[in-house]
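For clarity, chains are labelled A, B, C, D and E in written order, and residue numbers in each chain start from 1.
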Amino acid sequence: MKRLFIATAFFALLVLAWHLLVRAEIWSPVLLPGPAAVGEYLWASLLDGSLASSSWVTLKRLMIGYLIGCLAGLPLGMLTARSNTLNDTLGVLALGLQTLPSVCWVPLALIWFGQSESAMLFVVVMGTLWSVLISVDNGVRNLPPIYTRAARTMGSTGFHTLRHVILPASMPYVISGMKQGWAFAWRSLMAAEIYVTLLSGYGLGHLLHFGRELNAMEQVTGVMLVIVLIGLLADKILFSPWERFLHRRWGLNG
Amino acid sequence: RPAPAPDGLLRLGHFPNVTHLQALVARSFSREGRGWFEERLDREVRWFVYNAGPSVAEAIFARSLDAAYMGPSPMLNAYVRSAGREMRALAGAVNGGAALLVHPNSGIRTAADFRGKKLATPQLGNTQDVQARAWLSAQGFAVSLTQHEVYVLPTKNADQLSLFARGDLDAIWTTEPWASRLEMEAGARVFLEDRDTCATLLVARTAFAETQTELTQKLAAAHRELTAWISSHADEAAARVRAELRELTGAEVSAELLARARRRMTLTDQIEAVQLQTLLEQAHAAGFLRASPDLTALLRHCTSVRQPS
Amino acid sequence: MNDPQAPPAKLLIDGVNKTFRNSRGEVLALDTTTLAVDEGEFVCLVGPSGCGKSTLLNLVSGLDTPTHGRVLMDGNPVTGPGSERMVMFQEHALFPWLDVLGNVLFGLKLKPGLDAKERVDVAKYYLKLVGLERFLKASIHELSGGMRQRVALARALAPNPRVLLMDEPFAALDAMTREQLYADLQKISAAQKKTVLFVTHNVREAVCLGDRVILFSPNPGRIREQFKVALPRPRDINDPALSVLAGEITRALKSHTA
Amino acid sequence: MKRLFIATAFFALLVLAWHLLVRAEIWSPVLLPGPAAVGEYLWASLLDGSLASSSWVTLKRLMIGYLIGCLAGLPLGMLTARSNTLNDTLGVLALGLQTLPSVCWVPLALIWFGQSESAMLFVVVMGTLWSVLISVDNGVRNLPPIYTRAARTMGSTGFHTLRHVILPASMPYVISGMKQGWAFAWRSLMAAEIYVTLLSGYGLGHLLHFGRELNAMEQVTGVMLVIVLIGLLADKILFSPWERFLHRRWGLNG
Amino acid sequence: MNDPQAPPAKLLIDGVNKTFRNSRGEVLALDTTTLAVDEGEFVCLVGPSGCGKSTLLNLVSGLDTPTHGRVLMDGNPVTGPGSERMVMFQEHALFPWLDVLGNVLFGLKLKPGLDAKERVDVAKYYLKLVGLERFLKASIHELSGGMRQRVALARALAPNPRVLLMDEPFAALDAMTREQLYADLQKISAAQKKTVLFVTHNVREAVCLGDRVILFSPNPGRIREQFKVALPRPRDINDPALSVLAGEITRALKSHTA
């Protein structure tokens, strides 16, 4: 209770200080819009639906791309961890591509797919896939061998071992890899949306970009707040349950 | 990859910019339900707005556009990069509409004063950028991505104004309406004015031009008719341009600004092959292109080419 | 044991040795060793740390292959691990993603011929035996070290293997729990005629449980001496006769190591 | 040896397939430049120095921003982990800002600092700081209490405990946080460079953007290769030694 | 001990109890307990798992504070941990980021009055005592469980504390190493008049080392019985007289738990 109060008080004070600083007009209002202006923008764009529709466009792109990336990265990561040949080929490729910020794919994606949803999806998938692949590979590779040995003595082989031992045992790595994949996907989508305007729908990144084009800093700030909010919610909804499960079952923290 | 448009649909691209006069006027007709091209081609027309030539080229490469208004440099660039395959010019649209402006406090009086100064252009490799580099080279400055006797800085039009106002830029080579805005809002001085160089063209995707020859010719004809109409209905056209810009960008363009800008622009439906050849060579010299191929294929579908006499 | 009329040994470790290669060179973990274990026999392996006891168990389980020699079960070469030879590892090797019941069920699910209900009943029976009937749903990390060892014991016993390979299974238990399990293990292995290889540091434990106690010495690991334990069963670890034999074996152990 | 050979053969085959596909002219050459064209571009821009100068500009920005982010994030993370009040205020703030892709700061940074190096630095610092802060906080928070308890019984207190126990004990988390911070900094710098042209120097992101502007896909592809190379080298040089140390001393994998 | 003329007890646990609060409610880990330990006395605590032995050690070390009552050392209240009461934890609690020598040096560096060379000499002396002189530079994860416990022992002994609090220090050791350390620990604590609180599951170990053996029973944890061990020192764990007393204590332990 007391801690909640401190946190609330802190953020209220922060907003108040922000408001007073802007009111004092130390800086020009274009440099820093006040909380009132940001609030107004948020309210107005909530009412006219532009915020909701942009958030939906962005989330749809993110979800689909992320899902594809995870669905491909999981089995590929398992494979590269179990086969030396795959690891020396696909694994090395993944290592290289993982260090490539996926926004760098944007020019090629635009040429290949046009200014279309597919281009965005491609960028998001590139952001997710390699990072998930590598985390899963790492997780499986670093499994204590005792688990598979124990399973083998109990008669488990092949796919049964994969499904009932290797997959659950590498869970903590898989979750943290998926979390990192999410962070990268989110970052690359925002970067791509800010960088290119799509014909097929304006996402939050576009709103941000338009805010800059119009020198409307209250729009920029408002959209940033929405992005933070979505990020926090995604974390809560997508990953917290898994982490709580791991914590409870394995006694792991984080 | 996006499929070619279904029959009965024509996809046209343009900028929300006064140098795309024909597009703005035609689109304002479409908005009233009596579309200029729609009526003459018996097609549904869908308009797409871009704000940079390379995006138009990307869209054409990706087959998501059939025809577009664009500047000559990005068009040439796309033509050369695709080994002459993807891009065809149909007609001229607007000439001129560009100027080199200098900051009143920059101390630039003569061309020699540009040494060490910062000169902004709207975009790397666009028409003004190529021209600026060619002009600077002609004045004896070494300018490239690694040589900076004059700093040529590709900067977005929206940013140019504020940077210029803050004195971060000494000179700007840009198109209308930015040139006039710089004059009116930031006190920029005109150093050079360009009323003649090709600024906007009507282009088409090769596959479109080759498979739908008749439609392509009708499109060019309608464009020529529109150009003539704008010349003869200057006031109505100006009103339509202002209204259309308000619709597209949400920003008001004052009548004075438009008039000032309009004065620097020359309407045309012709393409001067020599100018294109010159631009091509300048782009080559600036290092943007590695080859300067023959332009015959580019102009194959254009019926109004003015060849050198 | 070499009588041609006798049935073949349940387990025959036949001239086996095992070399490990690590960064600093080769380690001869187990020197050439021969050992025959009869059906139903309870054999205890005793010896100082690093003398190759775990290595030998791994070879018999089929998890490792000998550098030379062969391991036979019922006269057939052992080619890999299998559920007829259940292993209790020195580390507990429980699966943290399953609860206590799930861990015991894991091996049972791989055994054909049981339906879901029977499996749960069997698992519960063995968990009750080790005194954990109240922890069926507990997570592994919530258990104390001794409780984990007891889960591992239940997991190894539940599929009713013919051969049990146990590596210091009782090290983390307090004296009372341990005595209870000595009694239970003797009962089970006698009733079901299990063949057991049992590693321990505790000589009294070895004498209490084993039909035979085998002494190892390290560098390289090899068998040094064997003791038959002829005491009547069931045996109590506090029995003075047992202490006498344990003292004798301890002295032998010291003499080999010194 | 054999594995090296397989990997080499795989990548040689990949390049060959790429070459043949381009030669077969299945796609228009604007869509996919051949390896020869990419090689030519790389060679030419190595000779004229533009590649080296851009890499240097980018690396300088990255290094300075990353260093600032780490230097600020490390002590702040320790503080938020040790103090409930700081955690409820600064910690919550950091959690929110960490989910904000730092490219979203670009519009504000441009308004605040102009199109200058400071704007880029700001974006890179925002990319690094919060992620390092949170990892360090997590690391310190999840330390097994046994370490500090043991140290206290030996007479260690206050700063000595911080310096000699908490800092080294949270090392694995700190390293992984710094690694993630690096990945975010690298991604945000690329996104920012691609998005805005700076007056003060062209980085690799700018080369990529210019490649797109000129529809020069061989330049785009060439620069992407350089980015991958730099990413791999940075990983090798910056993090591999630490990870090897952890591996050797702690017996950790990864 | 209650003689007003006698010097105050080295350690006085005075009417102490300790309650833990967890998700399911409160646990009375240690019921009201009073215990006085004289200077130089070696007291062993024995009892089943969960009877509050570690809890008591934590209270004496100053790491935890009692819910009621007080802990006095030399007549002064204990307010926090300090290097005059060195603890050997049930988990080994070694620092993985330091090598073996570094771990032993950690405590020595916090002790004033030694220069770098002397510190290394002291550390090496104690590492030699526990038989690890060849592992000075080894990483902790490279050691076996028994070796880790021996490093922890050296770390606790090296700063020469007046009071030693040891929580099952010898659980992971094999019999031989253990016997060696019984002898060394008796020698050290006698020579330096150390006061020792020693927790173990092994009754024979307690009888071998302790001047007094204290029996705990769980739920809630409390002292049930005390045994003076009057056998002459140094004692050998295999001494039959010791076995007799151990048997008696074991029976008492069982009767309290049953």
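As a working rule, contacts are C-beta pairs under 8 Å (C-beta built on N, C-alpha and C of every residue); 3 or more make two chains touch, one makes a residue touch a chain.
All of these numbers come straight from a predicted model, not from anything done at the bench.
By the document's definition of touch, common neighbours of chain B and chain C comprise A. Relative to the C-alpha centre of chain E, the farthest chain centre belongs to B.
Rounded to whole angstrom, the centroid-to-centroid distance between chain A and chain C, based on C-alpha atoms, equals 49 Å. Chain centres here are Cα means. That of chain B falls 39 Å from that of chain D.
Centres computed as Cα averages put chain C at a distance of 51 Å from chain D. Residue numbers of chain D whose C-beta contacts span two or more other chains: 30-31, 110, 209, 212, 215, 217.
Residues of chain E in contact with at least two other chains: none.
Contact of a single residue of chain B with at least two other chains is seen at positions 58, 61.
Applying the touch definition to all chain combinations yields A-B, A-C, A-D, B-D, C-E, D-E.
Residues 146-147, 149-156, 160, 164-165, 168-169, 171, 248-251 of chain D are the ones that touch chain E when the two sit in their complex. Within the complex formed with chain E, the residues of chain C that make contact are 48-50, 144, 146, 171-172, 174-176, 201-203, 238, 243, 247, 250, 253-254, 257.
Against chain D, the residues of chain B that register as touching in their complex are 52, 54, 57-58, 61, 74, 77-78, 81-83, 85-86, 118, 123-126, 144-146, 151, 153-156, 159, 163, 166, 168, 288. Of all residues in chain A, only 110-116, 196-197, 199, 213-215 touch chain B in the complex they form. Those residues of chain D lying in contact with chain A across their complex are 3-4, 6-7, 10-11, 30-31, 84-85, 88-89, 92, 95-108, 110-112, 138, 141-142, 180, 183-184, 186-188, 190-191, 194-195, 205, 208-209, 211-212, 215, 217, 220-221, 223-224, 227-228, 230-232, 234-235, 253-254.
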